[in-house]
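Residue numbering begins at 1 within each chain, and the chains themselves are lettered A, B, C and D in the order written.
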Amino acid sequence: MDFKFGEKEEKLRKEIREFTKKELPPGWLSSMLEEESDDKEWAFAMSMSKKLAEKGWLTMSWPEEYGGKGASLWEQLVYSEEASYWGIPGVTMGIGGVDWVGPSLMMFGTAEQKNKYLPLIASGEPDGIWCTAYSEPNAGSDFAKIRTRAVREGDEYVINGQKIWTSAAHRARWCWLAVKTDPDAAKPHNGISVFVVDMKSKGITVRPLMNYVGLHIFNEVFFDDLRVPAANLVGKENNGWYQLMHSLGYERGSIAGRCYGYNKRILDELIVYTRGNGLFREREIRHKLADIAVELETQKVLGYETVWKMSKGDSPVYEPSRDKVFNDHILERLAMLGTEILGGYSQIDPLSRNCKWTKLNGHMEKLFWLFLGFAFAAGTDEVELNIVGQFGLKLPKSY
Amino acid sequence: MDFKFGEKEEKLRKEIREFTKKELPPGWLSSMLEEESDDKEWAFAMSMSKKLAEKGWLTMSWPEEYGGKGASLWEQLVYSEEASYWGIPGVTMGIGGVDWVGPSLMMFGTAEQKNKYLPLIASGEPDGIWCTAYSEPNAGSDFAKIRTRAVREGDEYVINGQKIWTSAAHRARWCWLAVKTDPDAAKPHNGISVFVVDMKSKGITVRPLMNYVGLHIFNEVFFDDLRVPAANLVGKENNGWYQLMHSLGYERGSIAGRCYGYNKRILDELIVYTRGNGLFREREIRHKLADIAVELETQKVLGYETVWKMSKGDSPVYEPSRDKVFNDHILERLAMLGTEILGGYSQIDPLSRNCKWTKLNGHMEKLFWLFLGFAFAAGTDEVELNIVGQFGLKLPKSY
Amino acid sequence: MDFDFSEDQVMIIDSARKFLEKECPKNKIRELKEDEKGYDPELWSRMAEMGWMGLILPEEYEGTGMDFFDLTILMEEMGRNILPAPFFDTVALCSLPILEYGTSEQKKRFLPKIACGEEIWTLALTEPSASYEPSGVELRATSLQEDYVLEGTKLFVPYANVADRLLVVARTSQEGITALIVDAGSQGIKTEVIPTTAHDKQCEVVFDKVRVPKDNVLGEVGKGWEIVEFLLQRVSVLKCAEMLGGAQFVLEMANSYAKERVQFDKPIGSFQAIQHKLAEVFINVEGLRRLVYEAAWNISTGSPSRLLTSMVKAKANEVYQQTCIQGVKVHGAIGFTEELDLSLYFLRTKASEFMLGDTGFHRERIAVELEDYQPLFMSV
Amino acid sequence: MDFDFSEDQVMIIDSARKFLEKECPKNKIRELKEDEKGYDPELWSRMAEMGWMGLILPEEYEGTGMDFFDLTILMEEMGRNILPAPFFDTVALCSLPILEYGTSEQKKRFLPKIACGEEIWTLALTEPSASYEPSGVELRATSLQEDYVLEGTKLFVPYANVADRLLVVARTSQEGITALIVDAGSQGIKTEVIPTTAHDKQCEVVFDKVRVPKDNVLGEVGKGWEIVEFLLQRVSVLKCAEMLGGAQFVLEMANSYAKERVQFDKPIGSFQAIQHKLAEVFINVEGLRRLVYEAAWNISTGSPSRLLTSMVKAKANEVYQQTCIQGVKVHGAIGFTEELDLSLYFLRTKASEFMLGDTGFHRERIAVELEDYQPLFMSV
């Protein structure tokens, strides 16, 4: 048993802290989940991606040949924690670029695909930005039901259909697209394939789906006789489901740290805020803060456990779902407590950056209005609890 | 709209308060759900039944011809509230005697059955005590699956099988028994019948099922070639399910008041206790008390609504389940808060009546250890939420 | 005991629901979010024609003379349709205090204009402390000859941007708080709309040496907090009714969606995780309904309860928010979009929670009542 | 970072589990509930032979010299099997403070007897105030020549009915608290078992002019609260490990039942209402496990954290209780019976919660730490 990070990780931690001090504006509080929404913020995020790439951090876990540093999962964890605590924007290269598109390409891509796309991501340039298109209007939790169709015609596939909840589609240079290639497959999971799609292609329409606070995060993406070179098929035809399941594993190393870092920062801000205005002296408030502090410590070590299992070469099964449910609970509690603490001020629009009445940069309001969105981003709690029940407790299927 | 009780009800309320002052020992705090467990308490309960009968309150809602007073549902509500707040024991005549056995007999019984059993219940004598035997080891929530079998032989039925969770079986003179008379019925609900069984008959074995605090509330009851006169069949053969469903309605008028009265007393006791020892000055504690006070007020008016619907002649469908779920939540919160308030003292055995360290007569510990039992007594919360979902919200079946 | 509505009440409910569905559809509500005024003057006039502004004012002030309970169920319908208009502010927060505390002069002067929809009023009570405690009132009213001179800032004043008059709660002495009727056009008043998430036109109002004639004091000098208590102890029930209406509608939306939306070949409402969530919300909304009616009825019949009103507001705060959160959860990602009507409701919960006291504030008031209360078992 | 157990640790776990399952089956636990002593002296001897009492004592005191983490995982196994024996009391509450604060004289005199299983010890700390604050200590120790004279009452003293010696926390001056080693057979000590629901032999111990030689002071006079803090900041983790073991077993029981029990023609574990309940419990038990290990490891390696220890106890209190409650719910009525092993665990949760501080107590300690803590974002 050993609960200590190695020297390598501690050194990295120090470097990142120095980096943030130098590169981030004073008093910077991340905007998480919304950097794609605003042009100015997006530009800043892209400038940071570039710097992170130069530091070798952006894709640190990748092998050196693809622009990485072959960093360990523990280094990646430290990086994710710190990046998230300090709110460094631009760490993901759109949705999935760093987390799963790159690793999947390494595993399933052709040599051409690897050589073309991996360096783009690792460079931190706008040409390395990806969006991921899985969900469809009638295939949310029940992903196997997707209907977007790719039909082979000579050297091309012709794609028709619609995706929804496609984050960052309006910023992405490429799309990581799941489609049906065999609608008649005996099991619906068997007829799915993954393609790389150039977002500049003819036949793609991106329609913004504004969320209820007015942020542009999601999109609908329509494919209308989109022609994609057959060379853009990733891996084997009809093997997409298994590739995706596999690739889910890649992001897990970074998620734990990312969630913890974000939450820790919020808690720290709330502690300082309530100490400042005297609310901390109210037993109810400080006990709620204490209680969330307990949950955060628990989240930290649970996340470490997941990374530890991966570091031993095990493929985590239910742990990521477990960690996600746990994180969703924490976000909900932070959101409720944060707005309770802000009281009447929690009404202020978090997008009004310059309102003199805004507290904590609008961070608490943002969390309050977005925590439900975080929760949906990678599967609802119901779906995650089903996975925990089925694979963690070996209970029968419940849906 | 009118939220006021009539003069009749207010008068009754006053009479009951005078009665409790006269008849209950000073500082009496009810023992609820456990009067059957202890011989001495049972004797006291029976003495109170008798007095309640003399007052005409025990079966006040029954027609005068059967020993009642034809009291309105509102009078019954007031009686239930007060009896429960003051902890008057002996109000139910075992399990179901007053609440559903009597009313069911009035509806489905033969003239002989009515003449024999109703006066016994109304008299408040030990010979009017009933137990109710529905559940079986494999038929809990899924009641239609009962297997206890009654086979007609001439003028008798021969009954074999086993019941479980039969409260008060060790005190009861009679058993209100649900059995299978047609195991081959197309729908399992169609093969059920109800019998009146003399607990002194040969072929009945009662085995105590002690609960985990050592109270004797539940029993297993075994039937081994028990012979019951055919005249003891209640209503029509194989019609039992529908009769039981119907009879569930009867107790509803008293349940709301009973739950509210009990909870209100606990809350009052906790308020006085924490005011006394200074804990009330802690904002956390007094806000939790305040919050439960809100829930109790809500419970009160929800229960009134149910009674009001019945008073208009409507048969409540989901309301009793709604009220039960609500009550279960309140009990859980009271139990948690009560033991939090008692702290280390919540360890004291509630059955040790004379321990000098016992606080509040052991009432909070009793509640803590028993609240889960209350919750199971008439269907688990899952089952109740299913009913609320299906009939209150018209959602599809979820089980 | 009788929980039936009277025929008149059924009529109020039916006509309000029909009127609002027709005259104030959701797309209008969306437009008004972006509108500078935040309400539709034409719709306002039609509401006045319906007699709503004067619903519970006596006929001598051009009202219809109905009672507090009737106004409660009208507010419930407005909440159901989240009517964006300064109705609560004008009628509940201002006309009721004038009716209760005004001189006959003041009543004659102001109430008919409210009843006819001619004037919009609002309450300027909270300040940057964002508190409903007397200590939160720091805006100074200094006596100067026939006038008071107001100096200070009010925050979260609803619809001050379009108000004709403000009921301002000011500090006239160290211990004394006084309510003043102030012409919104007075010199020295600067109003700025605060950017709230709900775009619901709450304002910062700065008073820079604003002169108010002493005739405009409502109630007694130094006893203005009584008027605030009147709002906290009675009028807040109307806000709760509005919240109840909103919660009911959100529940209905989520319930419909749970029946329609199919995943894993079944309506999602047939999964216990969804069904039980909805059932719990349903139970709480039903409970809130009875609580609101109980409190409103008590007020209507002249026996208001400080304890019960605080219970209702605490409960309404919790139930409305939870209903929206669970409603969004049932919808999944779609619940997160601007396009779904749910967001119109959800975004307004924060303002409703804050208005006349958040949950912690009312829990404390309940606790104060419990501290002195004599339990039945000790009193008999 | 490495969460693997060492081979030695795996051996501790395996052998403890096998030993306890064999030597202390559930029927024995039931018997001991009714037993006057509340533990089995023969089993106690065999535990001593296994080297458990001296597990982390140095070899010079007849111990095995293993570390705090090793003791933690042993406690977890004991909790899993809810071993009814004064192990925690003797070893954790008494031998560890002696090892930390004792003179070499005291260590030599007392520790070997504990290591060999010859003596049973317990801590007499709490009093009728039932508090873990220094103010709760009112029992007086008055200096009289070579002795202290003890006068007062200790409450909830575990296994005082069979203890050979007591570690008594007494007030020696207005501000000063002192820990004293007291012979349980001293004249003037009256011990009475308190009737607890769990029948777990907690006692009232009345001290009537009990004389204790001054040599028996543990640590410094007037600084006895440091020893209590040592218990609160470190030793409590061992109690948490015990609770973790119990919670894990209860979860396993409930999970098995959910797979076996059929209603509506399906195992009840396939209903989301049941499955999601269990999944939430599972998540919390897994979290508690890592927290306990983290805290124990920190202590083992010489960097104990007051903050972390309080976090672990607060979490253990909540998780163990919730696991039992949910476990009973999953079982339905059967969970409510004496016959089901679950009750053995459930009934003990109250004692575990109270021991070394309940949730509110530790939340307050966490808050005190947070009040002074310098957040990272302000410190870089």
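In this section, a contact is a pair of C-beta atoms (placed from the backbone, for glycine too) under 8 Å apart; a residue touches a chain by one contact, two chains touch by 3 or more.
All of these numbers come straight from a predicted model, not from anything done at the bench.
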| item | value |
| --- | --- |
| Result of counting contacting C-beta pairs for B-D and A-D, higher pair | A-D |
| Chain whose average C-alpha position is farthest from chain A's own | B |
| For chain A paired with chain D, centre-to-centre distance based on mean C-alpha positions, whole Å | 42 |
| Gap in Å, rounded to a whole number, between the CA centres of chain B and chain A | 53 |
| Distance between the centres, which are taken as Cα means, of chain D and chain B, whole angstrom | 40 |
| Touching two or more other chains - residues of chain A | 283-284, 287, 382, 385, 399 |
| Multi-partner residues of chain D (each touching 2 or more other chains) | 271-273, 276, 360 |
| In the complex with chain A, residue positions of chain B that touch it | 282-284, 287 |
| Residues on chain B engaged by chain C in the complex (per definition of touch) | 1-6, 17, 20-21, 74, 85-86, 264-265, 268-269, 271-272, 275, 280, 283, 286-287, 289-291, 293-294, 297-299, 301-302, 304-305, 307-308, 311-312, 322, 325-326, 382, 385-386, 388-389, 392-399 |
| Partner chain A, residues of chain C touching it in the complex | 126, 128, 130-131, 155-156, 194-199, 202, 204, 262-264, 271, 273-274, 325, 328-329, 332-333, 335-340, 342-343, 346-347, 350-351, 354, 358-360 |
| Complex interface listing, chain B residues touching chain D | 135, 138, 140-142, 164-165, 209-214, 218, 284, 339-340, 343-352, 355, 357, 365, 369, 372-373, 375-376, 380-382, 385, 399 |
| Interfacial residue positions of chain D with respect to chain C in the complex | 271-273, 276 |
